[in-house]
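Supplied in structure tokens, the structure appears directly below.
Labels run A, B, C, D, E and F following the written order; every chain starts at residue 1.
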Amino acid sequence: MIDNLIISLIAIVGAPIIGGLLFGIDRRITARLQNRFGPPILQPFYDFFKLLGKESIAVNQIQMMYVLSHLFFAIAALLMLVLRQDLLMLMFIFAFSTISLIIGAMSVRSPYSKIGAQREIMQMLAYEPVLLLMVFGVYKVTGSFMIQSILDYPMPLIYSLPLVFFAFLYVLTIKLRKSPFDFSTSHHGHQELIKGLTTEFSGTQLALIELTHWYDLMILLGLIALFFAQPLWVGILIALGAYFLEMVIDNICARVTWPWMIKATWLIGVGTALVNIIGLYLRP
Amino acid sequence: MEGYVLALLALATLLPAFCAAICYVIKNRAVRNFVVVVNTLVLFFITWEFVRLLMGSNGSIRINEGSLPAHLGEVIKYLDVLLLGFIGYQGLKLKKPLIVALTLAQLVPVIFFEFFMGVHEPTAAFVIDYLSVVLILLISLVGPIIAIFAIGYMEEHEHHLHLAKTKQPAFFMVIIGFLGAMNALVMTNNLSWMYFFWEVTTLCSFLLIKHDENEISITNAVRALWMNLTGGVAFIAAIIIIYQVKGTLSVEDIAVAPVAGAFTGLFPIALGLLCIAGFTKSAQFPFQSWLLGAMVAPTPVSALLHSSTMVKAGVYLVVRIAPAFIGTILGDMVAIAGAFTFMAASAVAISQSNAKRVLAYSTIANLGLIICCAGIGNYVALAAAILLIVFHGVSKGLLFLCVGTIEQGIGSRNIEDMQGVMKIMPVTTIIMVIGMISMLLPPFGVLITKWLAIEAAVSMPLVLLLIVLGSACTVVFWSKWIGTVLTMSYKPKYAIENIPTSIKAALGILILAVFVVCVGIAPMYNALIDPQLKAFHLTDKIQLIGSQGGLWLTGGSNVAIGGFAVLAVFTIILALFIAIPYYLHKGKSADLRAPYLCGENIDSDLRGAEFMGPGEKPAGTLVRNYYLTGAFGEEKLTHVLNLIAGAIIMLMLGMVIR
Amino acid sequence: MFDFLGSVLKNVISKPATRMYPYETREAMDKARGALGEIEIEKCIFCGICATKCPSIAIKVDKAERSWEFNRLKCIVCNVCVEVCPVKCLHMDKAHLGPLLAVEKTKRNGPPKPAPAAKAAESTN
Amino acid sequence: MIKTTIPFGPQHPVLPEPLHLKLVMEDEKIVEAIPAIGYVHRGLEKLAEVKDFHQNVFLVERICGICSVQHAMAYVQGIETMMNIEIPDRAKYLRVIWAELHRIHSHLLWLGLFADAFGFEALFMQCWRDREKVMDIMEATSGARVVVSVNVVGGTKRDISSEHLAEIIRVVDQVKEDMKNMENAFLNDYTVKHRTVGVGHLTKEQAYSLGAVGPMARASGVAQDLRTLGYAAYNDLCFDMVVETAGDCWARTAVRLKEVYECVRLIKAAIDKLPKGDFAVPVKGNPTGEVISRVEQPRGEVLYYIKGNGTKNLDRLRVRTPTFANIPTLLVMLPGSQLADVPVLLLTIDPCISCTER
Amino acid sequence: MGLMNTSRMKSPWIIHVNCTACNGCDIEVVAALTPMFDVERFGIVNVGNPKHADVMVVTGCVNPKTARVLKNIYDQMPEPKLVLAIGACGGTGGIFAECYNVLGGPDKVIPVDAYVPGCPPRPEAIIDGAVAALGLFEAKAKAMKEKAKKAAEKAKAEA
Amino acid sequence: MIENIAEITKDQLLGETQKMSGQNYRFVTTSCVDLGDGNLDVLYHFDKDAKLQNLRIKAKRGEEVPSISKIYLCAVLVENEMKELFGLNVTGMAIDYGGHMLLTPEALKNPQSKITIEQRGEK
């Protein structure tokens, strides 16, 4: 019990620090990929604290609540991860976090954030099945939904779930809102929806959304690491490698459109994951 | 003891019937309201007593044929014929040959079977086990609340229609009678009696849908009638076959796990027919259209049909006989059919902008999931099925009542018109949003059952894929609806809406129920559902236990292989609930700015919905939700989906025959 | 899909194209038009040609007051005044000028015009 | 059925310039798009009537910073015809060199912004990085990066020294090299093609009857480029027109990309043939009469109508810019497209609102 | 002074508002964001949304239509905020100051904190301007706090 | 000085334009010139194979001139502009901005016409 408490605390405090740093490195590397010098590595933290110090303005007065629930549920999902709980429920909790933001974005009357929210919903429509299928593949291999049992499983999951891993990487691009799938909101504001989902969030609210991104990143990287759970450091290295891959993909793709994304994700993501899973069934 | 139970039983069935009669005879509003309230209270009491008695018993409360008044069987037989006769008469009156034909298709076998075959009625006429009690709980708690809601609603409704003569007496009669029939249906152990109550619900629903007596409601009522009569035909056919094969009509004896070699011959077909009867009643694809058509009825009717009665009869039947086909090809096909309906209905719901139709499709989807779970038929799946019956009933009842209230408030049931309803009807809106969240998100029950269903469906990849795709679709239609009703862009002067007391009471009780069933999921599961599952004598290794404020799956060795601590997540929700009033209070209008409109807001009006358009003319902004009609359009999809669903059912029967 | 991969990877390993201004400044181009330099007011004869030729009306010359007033924030750095000045008392700086924190006009007053006045005084005398 | 209505612009990160559109949509399909302009209208044509005709060169350069060289060129050529000034040959060639350098910068700028419109940040950065090389050479030869002010009535303001000429050749060759990479990304990349191929299709007839000009028209197969008129030194440089026939955004990208190569060729040819001698002649007198002067801008044909009255002020200076002619194509292209394609379509006409509204 | 202030200085997010500019300044502002000058080194990002921005970069003069837009965008920015006016137009209206549809520089509509002269100013000059403007953040933040305090007191007095 | 210019009356305008369109000319633009005292010259420029063909009509400020946007849709912008800046009353435009395409309703009317001293004083 006490162990769990300590682990949770470390996760809650440590995740955003590492996540923020990773985002800083991301921005630096992205800059380098574009032949620029790039911002300091600590830039995300500067942004975060600056945002905390801004005047709080809002379009309606309970916007903050959605942001908080966006954050809380992301933390809850992270805790489920570090406490090695049910993977499937983790996905649902994680989805709750996103839905909070969607509802928050829809509750303000800005047309851009509303359309951004609609697009985010479409993204969920695209990636949710893949995430659930991934969980299912994990179960098929380990015989349990608990993350604990993945860690206990003697062989890295990647051996049995290579295609599922690929599908997950695919979805990761959507979840991290990287190009080519950055249409609900993009980290640089040059798109038709201004900032999409986050258009009407500013100051502290935006800071908290940033913070949630950091948690999200850690959760997703954690999930990647799970595929290589034995030994853990390989998992972490691969997770970082996957993140680098995302950065590169971000920089060599144009933004596609969401109808294409849904089609492609259901075909490629769901397809490959299914092939893998059916393979598992056929395997004696 | 026996006598007391008998009295309770009589009360549960006959009191509603009696109250119904009073409602019809004494056409006085005050009396009617009084009767409805008394009926409610008595039903609550009965439910409570049943639970108490069941807890004290060894698994079920049984009432033998012998202790019933003599000739009850005879009476029911005659009533049966009378009922069919009445339906046939309705068909004649409306000049619908199809209905007459379907009635005859039942009447002939019924008369033949009941009067000429010399049927042995089973000894245990009524067996009330945990499953029955769960449904009684649902029927007798949610049903009367909807009746209470109807008091306020119908007043307004009739006011709206400018009726010369009120039709409320008939309305309340049918509604309350309906509850009695449902109660009897879930308690009886006699298949042919169940058939009688089944047909009573069919008739009641027909009368209720027809209530407004305009062209469209009559058309839709007729559609509901013939579809359900089709199910009735399947039912009576199944009864005859079962009696031929098994020589008994006792549900208890039928619903046992098949011994090796028993699942051959005609018996599986009978089970398949019963399933089809269940499909029609619970509006599975391709029989979904009657339930959608039923939306024309006044909202309490929809609420009743969707939450606690009618459609639940269908899934009840399937779950009830599920042990008989667990692990067989029939079970697999039922699971596929259910999962397919789940996916199909969820997908079509995306394209709907009519709130009630969205709810209807969601109902169909959830019933599909229940049936799917019954088909999968392992320990976890059946637990999911029964839990979902409860959660869905409570939440859906609530949602329909909310939509009804909002519809009367804003004069539209279109989701697009609900933008900003938060300002006009804040309380109803918040209740509705909680209701919707309870259909979609953790830690509420419906999601937990979806989670259980997915965890249970691991043995069937196709079913799993369908569930997974379907649940992605549910996210779409719920979240856009929630977002729409919550739209508000400035500190509104909350005009707390003025709604009739009865509606307030109904909404209040139901929202409480939503929370109670979720918070109390572990005890509820342990007390009511686990024993039932034990009684099914399932042989799965994976078990479900309720502890630590949540549900946990365990493998053979008591190690958790999955689980969810509901209470932990409730803590977060609670924290958020504390945050709401804080931020409501904190937001000063000085901090509130109009939304960004590319710099062309007409003025700094906080409503911020207008911008300066071309030619210096003001224009309003508006964002409509996406309905993806290109991909998920109802007209386009329905035919295809119906064909597929029909094929699945044909396949089901075909495979069983082989 | 991966047509740009080579370019970005090349970018990662090569040095960024960024000029590290303000830490490193590059040399100003020859004849670059940075900003109009300080007027050599002693040379100016207040003929007003610069003011009339300036396309942006950034210069005001008051002959009587012997003042030359320049609005830096209006100047479009076109070099015309430099070209037309008969006594070449204006010149163009290659480097640009720093930001201003307020609108300010540069007003330069020439030294009082002693010679003709003295002459006039002499002649009357 | 209620339809989604949203404003797009005037302050919008996709477009650096203020253009407002009222978009009416069904889901994300545009059903109606009405442009509103006037956010950059200054009334410059009127101002030109009170400045003298030499000063007006600086004024018309500031109609727009992206195409200032050609604006000045069109203006001074107009005045020169009116006043019957024959400028020295060297000035003609110098004008071509600067104009084509300017065209390269404008096209690279557009390519970058276009890449940004479909969310390809790295490509945007790459284009602008290469554009900086052109800007540097501009500054070296003229003293300013953007508004170079090299054209004056009667010739050019300065000469280009032979070192700078060599430098120019080096730079344009380098740009050409770098362009090869980008060309691949722009024309072959799957995701890019997903966003450009078939988007904003205009047939040849549509393009012609809507009065499209420049790359817009040439991408639809309308062979029309005013450099064929042979003003300045274009007659001697064997100018090749770039024409594509697909008529969609992809074709327009292709036209502009290939025009950069053509510019490079023209610059090198001009430097090759650059005659020795003076680069300006003195100007006396004032313009009088009416004249129409046309020049091919990066975005297409610009038309100057100038009316002089014998004084140093003009009676009327009228400018019809290419974007002005291309905006009507939006009225045809936008309805029926997707919201996500709006930035792409807006940029595909290479909008320059400051030119449009003057 | 303090974490907050360092952060403010190190993370100025800009919104680029093109009023009635000739594009000369605009492309130089954009050029400052691109590899050669890369102002992201200072944490500057063009967010394009007033609700996220700290610094407004205005190019061009204002005409009646853009005056309206400019005011609106400025009002939607949260405090503390700065305005940086670019170019001759941004200062006084530049060469267009005498046009019939030009009101003058943006300081006719909103308070401007720093001006960058030039037509157009080089990206280097724009960087200089941004750096100079950032020095004003501290005072702005203080003023904001003061204002908030006063507002709170007033609210208390009313209550 | 301008080649290929035909002087026509404003009643001939639509017919002549129709002819131009029949000969497959491309519409370039119109130019409006204020001659003082409310007299306007309107030039219509057409182009075929880089050869210009011009029409010139004379009108008074406020006078009705038919729109050619039915023949050449692309003329709407310039006709709206003439209406707004010169006060030429162009009728029957395909898209009518109601005289507020470029300017706000509060702005000076017809700003590009020759403004007399008194009028300018108002501004």
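By definition in this document, a contact is a pair of C-beta atoms (placed from the backbone, for glycine too) under 8 Å apart; a residue touches a chain by one contact, two chains touch by 3 or more.
The model shown is predicted, which means the values in this text are computed figures rather than measured ones.
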Q | Other chains in touch with both subunit D and subunit E | A | A, B, C, F
**Q.** Neighbouring chains shared between subunit D and subunit F, ordered by label
**A.** B, E
Q) Computing the C-alpha centre of each chain, which chain sits at the greatest distance from subunit A? A) F
Q | From subunit E, the most remote chain by mean C-alpha position | A | B
Q) Which chain has the mean of its C-alpha atoms lying nearest to the mean of all protein C-alpha atoms shown? A) A
Q) If you average the CA atoms of subunit C and of subunit D, how far apart do the two points sit, in angstrom? A) 29
Q.
Distance between subunit E and subunit F based on Cα centroids, please, to the nearest Å.
A. 40
Q. How big is the gap, in whole Å, between where the Cα atoms of subunit A centre and where those of subunit F centre?
A. 58
**Q.** Two or more partner chains touched - positions in subunit F
**A.** 97, 100-104, 111
Q.
At least two partner chains per residue is the criterion; list those residues in subunit E.
A. 17, 34-36, 38, 41, 46-51, 65, 68-69, 73, 76, 94-95, 98, 100-101, 119, 122
**Q.** Residues within subunit C bordering two or more other chains
**A.** 1, 3-4, 8, 11, 16-18, 20, 55-56, 76-78
**Q.** Full enumeration of touching chain pairs
**A.** A-B, A-C, A-D, A-E, B-D, B-E, B-F, C-D, C-E, D-E, D-F, E-F
Q. Contact residues on subunit A for subunit C in the complex?
A. 29, 31-38, 248, 251-253
(Q) Residue numbers of subunit A touching subunit D in their complex, please. (A) 30, 33-36, 111-112, 115, 179-180, 182-183, 186, 188-192, 194, 250-258, 260
Q. For subunit F, which residues count as touching subunit E in their complex?
A. 102-104, 106-108, 111, 123
**Q.** Complex contact set, residues of subunit B against subunit F
**A.** 614-617
Q. Mind pulling up the subunit F residues that touch subunit B in the complex?
A. 96-98, 100-101, 104-105
